[in-house]
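Naming follows writing order (A, B, C, D, E and F), and every chain is counted from residue 1.
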Amino acid sequence: MNKKQVLRFGLPKGSLQDATIEKMAKAGFNISVSSRSYIPYVDDPELEIRMIRAQEISRYVEHGYLDCGITGLDWIQENGSKVHEVGEFQFSKVTRQPARWVLAVPENSPIKSVKDLEGKRIATEVVNLTRKYLRKNKVKAEVEFSWGATEVKAHELVDAIVEITETGSSLRANKLRIVETLMVSTPRLIANHTSWKDAWKRKKVETMAMLLKGALEAESKVGLKMNVARENLQNLLATLPALRNPTISNLSLEGWVAVETIIDEHVVRELIPALKSAGAEGIIEYPLNKVVY
Amino acid sequence: MNKKQVLRFGLPKGSLQDATIEKMAKAGFNISVSSRSYIPYVDDPELEIRMIRAQEISRYVEHGYLDCGITGLDWIQENGSKVHEVGEFQFSKVTRQPARWVLAVPENSPIKSVKDLEGKRIATEVVNLTRKYLRKNKVKAEVEFSWGATEVKAHELVDAIVEITETGSSLRANKLRIVETLMVSTPRLIANHTSWKDAWKRKKVETMAMLLKGALEAESKVGLKMNVARENLQNLLATLPALRNPTISNLSLEGWVAVETIIDEHVVRELIPALKSAGAEGIIEYPLNKVVY
Amino acid sequence: MNKKQVLRFGLPKGSLQDATIEKMAKAGFNISVSSRSYIPYVDDPELEIRMIRAQEISRYVEHGYLDCGITGLDWIQENGSKVHEVGEFQFSKVTRQPARWVLAVPENSPIKSVKDLEGKRIATEVVNLTRKYLRKNKVKAEVEFSWGATEVKAHELVDAIVEITETGSSLRANKLRIVETLMVSTPRLIANHTSWKDAWKRKKVETMAMLLKGALEAESKVGLKMNVARENLQNLLATLPALRNPTISNLSLEGWVAVETIIDEHVVRELIPALKSAGAEGIIEYPLNKVVY
Amino acid sequence: MNKKQVLRFGLPKGSLQDATIEKMAKAGFNISVSSRSYIPYVDDPELEIRMIRAQEISRYVEHGYLDCGITGLDWIQENGSKVHEVGEFQFSKVTRQPARWVLAVPENSPIKSVKDLEGKRIATEVVNLTRKYLRKNKVKAEVEFSWGATEVKAHELVDAIVEITETGSSLRANKLRIVETLMVSTPRLIANHTSWKDAWKRKKVETMAMLLKGALEAESKVGLKMNVARENLQNLLATLPALRNPTISNLSLEGWVAVETIIDEHVVRELIPALKSAGAEGIIEYPLNKVVY
Amino acid sequence: MNKKQVLRFGLPKGSLQDATIEKMAKAGFNISVSSRSYIPYVDDPELEIRMIRAQEISRYVEHGYLDCGITGLDWIQENGSKVHEVGEFQFSKVTRQPARWVLAVPENSPIKSVKDLEGKRIATEVVNLTRKYLRKNKVKAEVEFSWGATEVKAHELVDAIVEITETGSSLRANKLRIVETLMVSTPRLIANHTSWKDAWKRKKVETMAMLLKGALEAESKVGLKMNVARENLQNLLATLPALRNPTISNLSLEGWVAVETIIDEHVVRELIPALKSAGAEGIIEYPLNKVVY
Amino acid sequence: MNKKQVLRFGLPKGSLQDATIEKMAKAGFNISVSSRSYIPYVDDPELEIRMIRAQEISRYVEHGYLDCGITGLDWIQENGSKVHEVGEFQFSKVTRQPARWVLAVPENSPIKSVKDLEGKRIATEVVNLTRKYLRKNKVKAEVEFSWGATEVKAHELVDAIVEITETGSSLRANKLRIVETLMVSTPRLIANHTSWKDAWKRKKVETMAMLLKGALEAESKVGLKMNVARENLQNLLATLPALRNPTISNLSLEGWVAVETIIDEHVVRELIPALKSAGAEGIIEYPLNKVVY
């Protein structure tokens, strides 16, 4: 049979759309979204991209309309979708903190723990997650779906909210206090169970997972290159994070070597002073597109 | 004679302006356009930049108001300009497809080939190219200049249009069908014939062409670096595109080498899995500013 | 004592804000500014960032509300602030010219030098700098504070202005002529004198200065890598700027070496043709994040 | 007791926000929304405004957090809210057609009536309205909540959608066909049952309803004024819509009267030619702020 | 025959689009343009609107694709279109000056009249109008089509330009001098000759012309109302522009009358002081939607 | 002498610019500001407009560069400008509250009155007004010029601020408390003393003041028109604000009169219910352009 194989891939539409398309491009898949057509162009004839709200992707993957997709663990669980999880992607570069769904109340609210919610009213976008959490804590409370601007509601429309946050700064600006954390969520690549059993589709998904992981990995990593006298080499190597072996190459200048390594960008600020103390010279840091171990 | 030599260089204004200025910067020429002055600043005293519509650049190069400029082959031919073509630049990174001027009609039009245009009316921005094409096909039809929104006209104002497209997605969104392709167009660096005979100007143009080519080339290329055991080296080299010799350097670790090469970004997605199979470790991909062979 | 040490750091708000946050990120400090909170988030618990107008930073550093900050030499002197200057940062990448405060008049004004200002009226944002300059030149003139759009005033509201410029193009577009230059200003990292005596704060500031310098340095530098036959090596090295020793490593191909160096981006356009003449092959230029000598 | 009486009033946030605030201003209540504060300023100390999503207003009116609010009949019914309906407001000025929730399918879908939905999947923002409609028609189908971009889903993610439309043009542009209309919705002013029993609140709400109605009425009405000879008066009056008595005043010019009336703006285009035929002179049309019969 | 009669009406797309749609609304025809559909909605089933570039409307009216349309006299003549001119509309409200196509040159150009253009090169968007003008003046010069930014070209790319202007301020800002005026252009309502012979279409067009005229007229007119003692009436009437008879009605207060008139808005600033001197009291000015004499 | 008389008029540039130009248009003076020219076009050859920062207008009026201008009382006093005040204009339509400069501190600050500022540091844009206020209160404190974002400074950079506010909502959003009000400021039309003595200029300024006043007055006024049976007339007149005599005209319908009056828009909401009770029928409210008593 020579029918063309195609993988239907769902990406989150909306606020995450540009970032996702940029990361797909780094992984090697160039997508261009036209305002006139709801099917984006992608420069891989084996792929069909669909932009769908993060909230709905797991549902359409489960039903088989999509072979796979990228969405958050939160919405997979909120929808109770039965899908195969292929991989987890790392946290936001800026804060290096995952998204958390938290129970929040006004700063001066008497509510101190989930137990204090008995008989109260809670607004949230994740109604199922919240109800499950209340059941687990044996608390009876009314949970209502919030269409947006949930933070503002905590002050007079409801008693508490369950809302998403990274650093908590938006909650603080709204004078809200975090009571408890319901769940921590990170982006996942998920696949439909049937698609996952198809050999061609599975291989295609796994390759994409590797490339995406390589691209995302590279966002928080940098390349570091420096020269060092051979006599200071052991000293310098002790300074570098033990994680991976650096590449050491001989320089034509007698007694000197070049050391090159890949490290987490956020440790560079502590590492560079240490490297200089250890005898490194001509340190340069350069950006990466992909890192595949 | 010590009069300062200057090269007057035309760049396309409008939708391509930002991209062009960015590419010039990658080539090493920083341009800043002020809303108050029609002459952009450039950090090279030997250059004078003029921003002019792509449609008109070849005309002003031919007349000698500009020594050289960048514009599309389409407009050079539409204007019938007699200029020296210094170089051709590569296609759009996103689609890797060149711009094409195509004859298009509504999906359900009876027109199936250029021959069916006899006695019809055609709207286009490239009136001369279209007339020439009709003559070549011995078809008599009325061609009228379209001031814009040409795609919409095909449905009721005219019988067919000649329009530019890369992926055809805008035509599809307008429910138009491509009948034939009139020409494929790519950006060209062109020079005035007299300027090209001036030794200083010619050398300046050639250097700029090399730098621009190096910068554009680098946009679709990436650097790839990996470590491999010497025993797997031949295996791995067989995997790499034959195009160029990779740089192989000895690592201080006995029996291992570092392999570094420059490849087309769009093959990376197929290459990385193959390289891992061939024994590559610690593969990293990094971005390039310029590639000059 | 285990109280957490914190450094309060002022960054210029307004037109320079985005550029500064980008440079801080390159230095390794990720800042995110929320429209809801006036205290930006930074991913270093030892830092507290404040966004303050460049005009005011030196004043708040002097008073001790800030431990240190980045602002221009112009505003440090205009405010007459007594602060410790930790370091100077390089010029704008685009123009490679520092900001200058200049005395400007309409093109056809009879004023030819500062001496001609006797009894005249001058509008400027830097009232103190201007008055000091007049005193130094023994000229008596009225200086009035300009709240903005100073350039327009020169034509009828006042006799002359003192305004900032890089390339002078905005002044030219306003048909103004530069009479004299009052001062050249570059960005400085400054510290409060007391904070500077605190060992922990001083070390923190010095590390940040090194990282920022490395990041800014990298903006105008690029990496250059090429292969060359050993017999052409001396020839090629003579072509490279003498500034730093290039890294030369042996290639596995007998008789060839790889040469790698860091150079100013703006000399690349002259260097590449020369390198090719000297026998370099496979020249690639790549971007840098940081350069620390 | 003399505690200040206050009416808490909910207005729809989001796409309707600006239009609503403008209409409130026409009714005589000036509201200014600050990006920094979630409580808008209103120049009536007896009012407290809350901007809340149209979807949620009826819920908060029912619970008593709001005394009254403006929202659509659709969301009142979707939420099943038990509230007092004070008044209905007229249709959009542009289309003069009320919003309708319709069942829509792709143009070439075999679905011709609600009966054909048996066993199918439907996406909609109004899950409850849709389920009720299916029950009424004794059809069993799966209804799932759509977070947005519902129109696009009809082509491959679901079998049908229930979506809102005025003219149907957005559905047509998406190549969808309307199968049936589920409900017609217009804006309503609703009040909490308890608030409605409070004499002060009820009077305040009724006055606001009258002023809002007067302002909305005025949007689709205009004033028309003309002079006519007394002998042509009966003729002219026969031409005017019978709806209201025009105001007829004597002119100082013997035998002439001025006729002034208020009519629907959209009949003006047919009326003016008729009035001229009937002898009207100097016809002027002027805008209105409010019309209270 | 009961086939629905429809008039196909072309309106200018682009920079004039919003203003035109607003004026049509004032005339009583509400149009809403959707980004998804190229056919705008209009609340009159007898109309079909098409948005087309002003440059092209006369061509499509001539060919019969449109029954009628609004465009400038300039483009009707540039295209040499044979169409029926139904009416002319008044000038811009702001400047009260019609658009003019003028011959312009740099301030210091030696060109003083059209005669000096012999052998020169001229850039313009109206190639045919310019050539005709040169022929009339027996001047031979090269005329080339300008795709935009024509004003900038006058300084070095060509010798002169023919460009459109109202107040000349944009030309002055570009340091250009007006040499001569080629033509004055105002908006025209034009009809296809065949459509004009169709009784139904002609009546429809004439009604629309009357309503549009009434709406445009109203833009530069205002209503003025005042009270005056009968003894001062003649005095006051002498002050009012003689153009039209004011409406004079008796007040219930003995000896006083109300005077009401419609006047050009731009004379109000001179009229009001005069009216007060003549004894007018309680003068109010109010806006108009339409004025039909 | 027939030299053309011209009045040079300064209008506030920046945030108030659009509103000012709109009000000038209502007064009958159409201004169009070009981004290319710093001198706006105005359709009155006797006027020359200059757009200048509100902060600076009084200074240039005092010096005679401008004949007159519109600015706030605050900046006239801050600059200590000696100018003739021609007229005061009314408050903002939305809040009906004048701008106030207030002393503000963090909500939890111990500062309760101006007396508590002894030895403190205050940031403000109105340094002179603040110093004068402190002197009057015999308080010694340091006052420093704030370049913007003053509200944020109150929390840690200074002890108190002097800032402008209308409703106080921005201060509240920043968790600041108003301690005292320094001054209330409204817009003023001011003239240079010498210009004011010139008969022609003075008349021109007075006419403009009358027209501007008429236009501004009209913004907060509306026309109200209703029919009433003669027997209810006295009753109805008693309901209307005593401010001005309404216009009463006889209707042709025996025993009925039409009543027309001009009232403050913000009393309409209380008045309409009362008018209906008093027997008014067919009440309509219409907008005004100008009101000149």
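Note that contacts are C-beta pairs under 8 Å (C-beta built on N, C-alpha and C of every residue); 3 or more make two chains touch, one makes a residue touch a chain.
Just so we're clear, the structure is a prediction, and the values are computed from it rather than from any experiment.
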| item | value |
| --- | --- |
| For chain E, the least number of touch steps when starting out from chain C | 2 |
| Copies chain C and chain F touch via same or different residues, half shared test | same |
| Listed pair (C-F, B-E or D-F) duplicating the E-F contact set, over half by residue number | D-F |
| When chain E is superposed on chain F by its C-alpha atoms, the rotation angle in degrees, nearest 5 | 120 |
| Geometric centre distance via CA averages, chain D-chain A, whole Å | 43 |
| For chain B paired with chain C, centre-to-centre distance based on mean C-alpha positions, whole Å | 35 |
| Contacts with 2+ other chains: residues of chain A | 249-250, 286-287 |
| Chain contact topology (line, ring, star, complete or other) | other |
| Chain-to-chain touches, reported pairwise for every pair that qualifies | A-B, A-C, A-D, B-C, B-E, C-F, D-E, D-F, E-F |
| Complex interface listing, chain C residues touching chain A | 27-30, 32, 34, 36-37, 41, 43-44, 207, 210-211, 214, 218, 223, 244-245, 247-250, 257, 262, 286-293 |
| Residue ranges of chain B touching chain E (in the complex, touch as defined) | 13-14, 38, 52-53, 55-56, 59-60, 63, 65, 121, 144, 146-149, 152, 155-157 |
| Residue numbers on chain E that touch chain F, as the complex places them | 93-96, 167, 169-170, 172-174, 222, 227, 249-253, 258, 265-266, 268-269, 272-273, 276, 281-287 |
